[in-house]
């Protein structure tokens, strides 16, 4: 089976640079796959994606050695398993708030006896090799999102779940949970404290801490805090920023 | 009929800032339509677009007041007319090399007796209004590309074609025509001279000179040379640059 | 944030005329958006729609000032939130049978602390404006369907749910609940009584009563009964009726 | 091979009632296929269709005994042959203005030695049967559009082309050719005279005269004039009319 | 209403030969529909399908008399009902492990009072006829998958569920449940015993036993064991085997 | 630039085994790409493909080292160039009947000064590398189809065209040209003689002779005749044969 290339990065103590795909197009996904990311996550929750466009994005990513991941829209077995069958090498799951959530989530990602994933890796076997079923549990990542007050309270219970590979902080929802405005570069002390707690707890449990950020500078700050799976922005926001900066500069030049 | 908002910009002596769509997605098109461009051109020639994705892009652009344009893949009547029926308010046509090319192209964009466009503006009437047929010839732009040595020789013949609204320099193909490497920011004197000749000739004939460029700085230079319809980069390149710069900065910060 | 234009209609005491989209095409959606409806509802439950076609329909509707709504397939958080992220300005949810259902539904439509909607309004911000998050809870409509005997029994409990904007009667399912044949123009006294009860209860609680009908005449009857959000037929049935009437008339003329 | 069911209708002296598909959706095509038409024509010229959506429409039509036809965007061999390979049982071709046009068009629709159609009926064999190649030339209809002054002058030359099955009047383009406003229910004497000439000439040559009309009443008038292949409106206009009439009636009832 | 043609096959004591569709294409579905299967099942669980591609496959299948079925991704009401509305004449549901699962599943497939299916058979009425609602409960098949140890224990409870038409053994998941390697041609005695138990129990309850197999020889063995609804392989595996065998033979011939 | 892996195969005197894609699905393309072919050709002429599905197939093929090729629908510059921009590493062009056809075709595949290909390799640069423009002319294959009597007469003129890499015999159209029934395994002496002539002429001119065949045995025969680029069947026919053989065997076993 094709190895999950994120694991050796973490084993060497380095940080995974992850990209985020909200544009439902295999072409833009392939553009993103050429820009140096270690992994790309197709966002089925807030991105304009569904299963069919995710499939196209997975294929586009698979033209490179970038690792294809998915964020599913909800803690539901059908979409988790469908995305794995389509070749995702890891699943980011929203709203893993309790130990029970974490156990359910892990069980959807693992074949029996470790879990209850149903067997039928139709595209996964094309991408990963014919021995996929033998090794999938060891290569596929299960990453639960920490984005509520409840999840913060249950950090140790969640992080000690067998089979969970990591956690991923959703700063926007967490901000709402604290009564703050959503931001991907928060400075509120409660947010910072929460970020520190998650990173520390993940390390304590030997799990990968991950986080979504809004800028490279903030991402570096998070890496220094211990985060090892870091996203900066997403494709649509990158496009919007680049285009709007270009238009603005041109209009100023023309003025 | 909805007015073509590019015309008053030119009438006031200003320059149109045009964006370029090669990603076949209505969502990325809508993202682009929010960034301040005056017009967006769906690229059916070199972009990963076909008629059906162009239709989605035209709809996405039409959620704003940005003017929807198209670059067709070739000087062929069927695709020119289909794109106009789908609501394009202007057509950029590759390889208008002779007066005959220019006349053919214009004829595809105009209803009889001015041209030979066939009648059936199915979506155009939704976008433009029920009186579309009465005013389309006056609002729809016909812009021919100048991108060969032959076209440069025929500049006056082309630019004096009745019904042609403007010309658009394709620097990459023009560079190849000169035996140079394709570039969207050329400095070779022959290129610069050609750019000046096109701008001057267009102004002489009361037509709009347009050009594709690779940077805002170069675009400003072109505006100073007289260009009034200027594109900087395209959506895929903007996304690639922004993503790759972001990854690079993050990796440097992490190192 | 772009205002929800249905609210002033109701504030002025008038009735919203809503259309219904079951054809999975952005073009037919744009055709419908030009016919004078106040709002159009993309039907993800019984229509031949899924998320990706809904996205195209939302974009098509957004070329006009018609308000884009969605009927989700089921009371499930992921699809409710995905549709809101894609720019729906209101959600009609099937089978809101109890107070608990209504509370869950509302919570999926509202950001914390009012609800548990997750943050990521990727297209919604393009459509509504960059301050979407600040005002979304006030503009987005949550409308629960009353279509079972259980729901009729729980009318007051449902209608007193904070954050619920209205209810929508599904006459076909309600007929089945009463052991009757499904109809969108029922005359059975139990149906009429139920319709009256819903309208009265909604008014009592200051909520908008809505209903699906099969003809303009029936719709007017419902408006007189107090309904303020009324659908007549859907795109596929309108097309079928118009085509079949045309064919029939032509065949009679030819005979 | 499956028989072309339009031929016996004509042999019995009756008139074919044809529908017109501009909405790029297999579902709306299937709705149309249930309304009593003898044939349905997928409009690749002015409809919002391309090859892939035409394929879906052909499949949808093939769920019934309605005969699938196509209007191609232009007199070009590739799209004529692709549509035949996809199962179209007849091609309506725009702008057949001369005998040479007619001969070219017919040659694209017929296998050697009758024409130059290339062999590869991938879906056609599924729809028609494995002996498709033996009988296709006898079942597939080639229908040229008469819509210019030049075509009217060349009527006999066009209609005497071997292998041409019929002609189809495009009233909108013909109106433009006469300097009139496009209409699908024209009353101008020159239009009426032209319609009569085409019908008479077609009958003289034993070919089927066809025409596009805007109402059932006008269609009946055309049938009386001798037309045997008649279209009324199209799917998008039927939908628009039905929806807008419904909204108008409802708003009047509400007022 | 169009009859479900599988029922008379079973009534005559014969075995239904079922095909399996994992390729998300209406064209490949139509190819499959021409190969002699009694029914074709669109696999929304492990196939690369979602609702929109299933709709296209249902339409493609409906060009023939082959019976369209679906395997849904999970025991969830929304997708079961959506597929029935789109014209599926039977639903195979994964993981029916208990009597409660079976009752829920049946209720999603049946209109009140037999179940809780919501009314809106938009495409089903096109395919089946306008009296669909009157007869759907009698024609639509509800087939629950037996693929866990728990399901085996609950066989009688499941099979005695009113309205359940049959069961379908998933050998791969069942193998995992037994701690074996997934296989569609298992020889392990526990598997064989389980297969025998399911067939016997289904016959005892007058229900149809079905099973997924990996070869014709194994399928025949299963038919001898009593199975009456049998699938061999799927489209993607058939294509892979045929292509790879062809390449191998050619390379050997070339060597 | 990524090398065209077919060239070293030919340089070592071996034969390229080519597959053929008519199913418009990236998933089935990826299935095919795993079966051992050296190259896969997306068939835009007779396959159910258009540009957008070809793009998905190119991406799917690019997940492997199989070389992506295309057969364009006709000798037209726009589609040849669009497919090259989308990453095709070679073009098979129908109906190259004369030296002029061959020269035109080659010119569409080569950048100036060798040809007149327009510059804009948007996806090609992602697939091939940023130096694509420097080496594309040397890596991209131009293969003209020999499938008419006229082409056979012009063999030497065609094969001596600079820049043409090979020819590809279309046996079905050639059979029609000879007044024979189309077949991919012809035994008629005139066909065999023509096949021999093409192979000999190609070798004489140092060009690659290619051919479409219907079985592995026939393909081996053709390889012995000198053919070095050989296709057996296509995806749809492979699927149909495998499925129909499976059904037949099962029905016999059941009988």
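List of remarks:
Going by the order they are written in, the chains are A, B, C, D, E and F; count residues from 1 in each one.
Just so it is clear, a residue touches a chain if its C-beta (ideal position, glycine included) is under 8 Å from a C-beta of that chain, and two chains touch if they have at least 3 such contacts.
Treat the numbers as computed from the prediction; the structure is a model and nothing was measured.
Identification of common neighbours of chain E and chain F yields A, D. Comparing the residue numbers each copy contributes, chain D and chain E share more than half of them at their mutual interface. Among the other chains, the CA centroid farthest from that of chain B is the one of E. Note on interfaces A-C and A-B: more C-beta pairs are in contact across A-B.
Annotation, chain B versus chain F: rotation angle of 120 degrees from the Cα superposition, expressed as a multiple of 5.
Chain B and chain D, compared by their mean Cα positions, are separated by 34 Å.
Chain A and chain F, compared by their mean Cα positions, are separated by 41 Å. Among the residues of chain A, those in touch with two or more other chains are 22, 24, 27, 31, 34, 48, 50, 52, 55, 76, 79, 123, 236.
A complete list of chain pairs in contact reads A-B, A-C, A-E, A-F, B-C, B-D, B-F, C-D, C-E, D-E, D-F, E-F. Of all residues in chain B, those touching chain C in their complex are 26-27, 30-31, 34, 55-56, 59-60, 62-63, 123, 126-127. Chain B meets chain F in the complex at residues 22, 24, 43, 45-48, 50, 52-53, 73-74, 76, 79, 94-95, 147, 170, 172-173, 175-177, 179, 181-182, 236. Note for the complex: chain C touches chain D at residues 14-15, 17, 19, 22-25, 27-28, 31-32, 34-37, 48, 216-217, 219-220, 223, 230, 232-233, 235-236, 238-244, 246-251, 253-254. Against chain D, in their complex, chain B makes its touches with residues 50-52, 55, 76-79, 81-82, 85-86, 111-113, 118-123, 133.
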